[in-house]
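As written, the chains take the letters A, B, C and D, and residue 1 is the first residue of each chain.
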Amino acid sequence: MIFYRYIAEFMFFFFIFLTFAGALLAVRTRLLMHALLGLAVSFLGVAGLYFYLGSLFLSMMQILIYVGAICIVIAFGIMVGYTPEQLKEKKIAGKNLLLGVSAAVVVFSLLFVAIWRTVWVPAVTRVGDFSLAWLGQNLLYNYCLAFELISVVLLAAIVGAIILAGEGREEKVR
Amino acid sequence: MKSETNTQQNQSFTLNMGPQHPSTHGVLQVILEMDGEYVLDPQPVLGYIHRMHEKMGESRPCRKFLPNTGRMDYVCALPFNHGYVGLIERAAGIEVPPRAEYIRVITSELNRVASHLLWLGAFLLDLGAFTPIMYSFDDREQILDILEEITGSRLTYCYFRPGGVYQDISDKFIEGTRAFIKRMRSRFSIYEKLVATNIIFIKRAEGVGVISPDMARRYGVTGPLLRGSGISYDIRKQEPYSVYSDFDFDVPVGENGDSLDRYKVRVQEMEQSLRIIEQALDKLPEGPYLGKAPKKIKLPPGDSSFSVEAARGELAYYLVGDGSEIPYRLKIRVPSYSNLSVLPELGRGILLADLVTIMGSFDLVIPEIDR
Amino acid sequence: MEITSFLPPDIIRMIVSAVVIISFVFLNAMVMTYAERKLAGHFQRRPGPMEVGSHGLLQVIVDGLKLIGKQLILPKDVDRPLFRLAPLLAFIPVVLPFIVIPFSEKLQVADLNIGLIFILAISSLNGMAVLIAGWSSNNKYSLFGALRSVAQNIAYEIPILLVVLTVALMANTFSLKGLVEAQSGMWFILLQPVAFIIYFIAGLAETNRAPFDLSEAESELTAGFHTEYSGMGFSLFFLGEYANMFVVCSIATILFLGGWHGIPLPFLEYTGVFWFLLKVYALLFVMIWCRWTYPRVRFDQLMNLAWKYLIPFSLVNFIITAIVLVIVKL
Amino acid sequence: MKSMNQFVDALKRLSVQISEVDYDRRGYHLEVSMADNQVREFAKAMLDNEFYLVFVTANHVKPAIEVVYQFAHFSTPCRVCARACVAEGEKISTISDIFHGADWHERETKDFFGVNFEGHPNLKPLLLAEDDADLKPLLKSEKMLKNVEEIRWQGEKPAKPAAAGKQAEQKAEQS
């Protein structure tokens, strides 16, 4: 069906666009809350890409954990700590800029190496029946590390939210 | 959204509750200093509907001030009438026939029940229960119908006159009142089931806004709030005015002084009011309903005071006469004014929801506070 | 016939189901609004809406027209893009779960094998909408409402997840259809009464219904997160709330009350929808009943209920179920 | 439950002037006159005797504004009306730290009469708006203003000698 192909292609580019637009919004906007919204849009785009690749489970998990949990925790932190006037971001300069750029370079090079060295398997051959038993086997045997890493991400989000909230309050003292 | 820069309370911010807010019951503003959900310092701001009733009282003959009294507390207007005519009678030495006194007691107590019913609904609305207010308004309507029959108005009554009342009560009124007493007695069990045994209600009201007897004394808290703290003080018993000494009734008191006790005290007060009305109807003497009072009442020099138990507490009128018709000085001490002044102390360090509960349990009528 | 000649049948299916779902959401909101007002009236010994149409039946339509006709007021200091986005964000996620809900054996748009997770994931977006609405209004009451709502959602999602997992464990599937089919012999409410109660309480909290309607507590926070909204902006939150209630109740029906199962009717593959809707609206009736009977709980009491009672109980229930299942298998 | 005489004895220990009045005609039991510097001492005595504050107000007469305090008791029927004079521009000490309820009553009195209460922590307009701080609506105009003798209780006519004597005392105190 050629028609489906067009729709699928369109959706692929749409999700790519969402991911990049969200990411751009996240780093370019002046308001912290808008940046967070950009982050959420970007996550949704990534979830759409998983969906495109045929893994509905992963895309649902992406929404549940990244959008539903992490973004909300960060938003919570922002709202507890800041009022809208305080959210006008200052210019990043000096040490922070250096740190940011180096972190980005390291992450991207790691990703590049990982992508370069992976032997790619077509998605179709990996699909299981998504029963509870199958999920449990996969999550706790095959993808144990990924599973644990997700919990680390959650932890990082909670810690980050607490730091954000705390900083906001300290600023008011001054 | 200005953040507070005070170094002492660096984590706080200001929240304006009112003058347009559902649970301030009128145009009262409370400026809240908040830390998250906790209230650090609530400061009431009064005067949004201040009308300078005292000045009006000092600039016209004393008879002409009578309609103003019902406008101060529109929910429980007859005791305000009662206090004022009682004061003039006391100052000018006017005799009141016994039938008039009995009619005054019956109508005042009916008005008290109506006021408590309104409070019951509004208090539970503050706690988020929507239904009780409909039930209590249903009952209150009956009282308003009965009172409209003889007073001619439903809310801001001006029924009492120096020396008696405006018109005699009819048989229809007596029948209606007896029917209402019967109906109301059966309704108490509904309120008991719907409200008083509800676990969420008890958890919301218990231990919230505890007024100790000492605190009540320092602030001059009176009425059901004081009785909720366990002090049996009721002007109708302590300094019986009118013919209250003729009746057998109890003064219900609470134990802990929390919002739950105030609820219980008010419900029991309604039952006692019904008892008083019943006795008054049984004993109702024959005779004139309006005694002899001069058309132009001269207020002799000197000061006099008259206190009545309004639905919210002690209402005191204080008058200084100079021998003319016009009062030289008229002070009106309203109960909610002193009752509300306890809020800044009571509301320190509690949750916002508890502050709403406390203000609801106070039974505030803002025009009365602002006068 | 002509349309199908140049469009594949699945596209038609998608379009038709999208139209049906959206109209069902609106219809449900209308029915619920009428039921809520009428029931509230009768609980309070008054007739409820009576004026427009017979027994006020057309009142809902008139109200809807009024809301559409009202001006969407943008207060001065709001964050404009977010303020406009929030009602849409509140509405869209509650429409999506209808895709996987099996109304009867054959009345289901798509039977995803992870349907349950799909619904949970989508409904977690709702919190985001409330947050954005509360924050962008630039009003302290709205902010309070949003913060409360999110804290409440986070707290009550945990017992819901645990309970849902317990039931999924028993049926050994995440597919909603599979869950219903697993109950053809016995409804899970008989095997898991505690789980059902926990789910229903948490569901009340999750949909911000009284007695847990703290995020829009009228007497404390005026209207909470939607204080500043008017016209359609407000009614989208309203529609969202009713659709959300329907989703929560239909999951309860699917998980515990045997979905479309009931006394067999002819064409059971389709007429099962009757039993399904009957059960869902019975649960919705209980929700409305609760709202008009109970006072609102306090925020700390709400949190205590979740963290001190519901979560431990659901956890213990989950562990016991797992142990029993292992023993049965042995 | 204490009797009224005990209160009278307790108050007589202070150097205030105290007299019992006819409750049926006046609506209170004890009348107290004091100097403006005795207010705090008197209020403390009232608190010790477990009275509560009914109200604080003022009365504009010649030669000076009178501040009127009324107290009552929760268990004994005893209502006390106390007066202190404060000359224009003078200050009277606050009792808002003794009876916390006096806080708002004193602010109201400041609103209406312009009486300054010394030591009051927060003497801002309460019922009137901040802009109307100088309005003082209850001050009488020169034409309306009466002498203090004209508004004193003269008793049942003809005036009893006791009442006349009391008036003389008050005159002496004010002069």
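Going forward, a contact is a pair of C-beta atoms (placed from the backbone, for glycine too) under 8 Å apart; a residue touches a chain by one contact, two chains touch by 3 or more.
Keep in mind that what you see is a predicted model, and the values were worked out from it rather than measured.
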Farthest chain relative to chain C (centres taken as mean CA coordinates): D
Chain nearest the overall Cα centroid: B
Separation of mean Cα positions, chain B and chain A [Å, integer]: 60
Chain B-chain C separation of Cα centroids, rounded to whole Å: 44
Separation of chain A from chain D, taking each centre as the mean of its C-alpha atoms, in whole Å: 73
CA centroid of chain A to CA centroid of chain C, Å: 27
Overlap residues in chain C, where contacts from two or more other chains coincide: 138
Shared interface positions of chain B, touching two or more other chains: 1
Shared interface positions of chain D, touching two or more other chains: none
Of chain C, residues touching chain B in the complex: 40, 43-46, 138, 140-141, 144, 210-211, 213, 217-220, 222, 291-301
Complex interface listing, chain C residues touching chain A: 7-8, 11, 79, 81-82, 112-114, 117-118, 120-122, 124-125, 127-128, 131-132, 134-136, 138, 143, 146-147, 150-151, 154, 168-169, 172-174
In the complex with chain C, residue positions of chain A that touch it: 1, 3-4, 31, 33-34, 37, 40, 56-57, 60-61, 63-64, 67-69, 71-72, 75-76, 79-80, 84, 129-133
Touch list for chain B against partner chain C, complex: 1, 13, 15, 21-23, 37, 124-131, 134-135, 138, 194, 198, 200-201, 203-204, 351-354, 356, 360
Chain D contact footprint on chain B (complex, rising order): 46-47, 50, 52, 54-55, 58, 87, 90-91, 93, 216-222, 226, 231, 233, 238-239, 300-307, 314, 316, 318, 320-323, 328-329, 331, 333, 337-338, 341-342, 345, 370-371
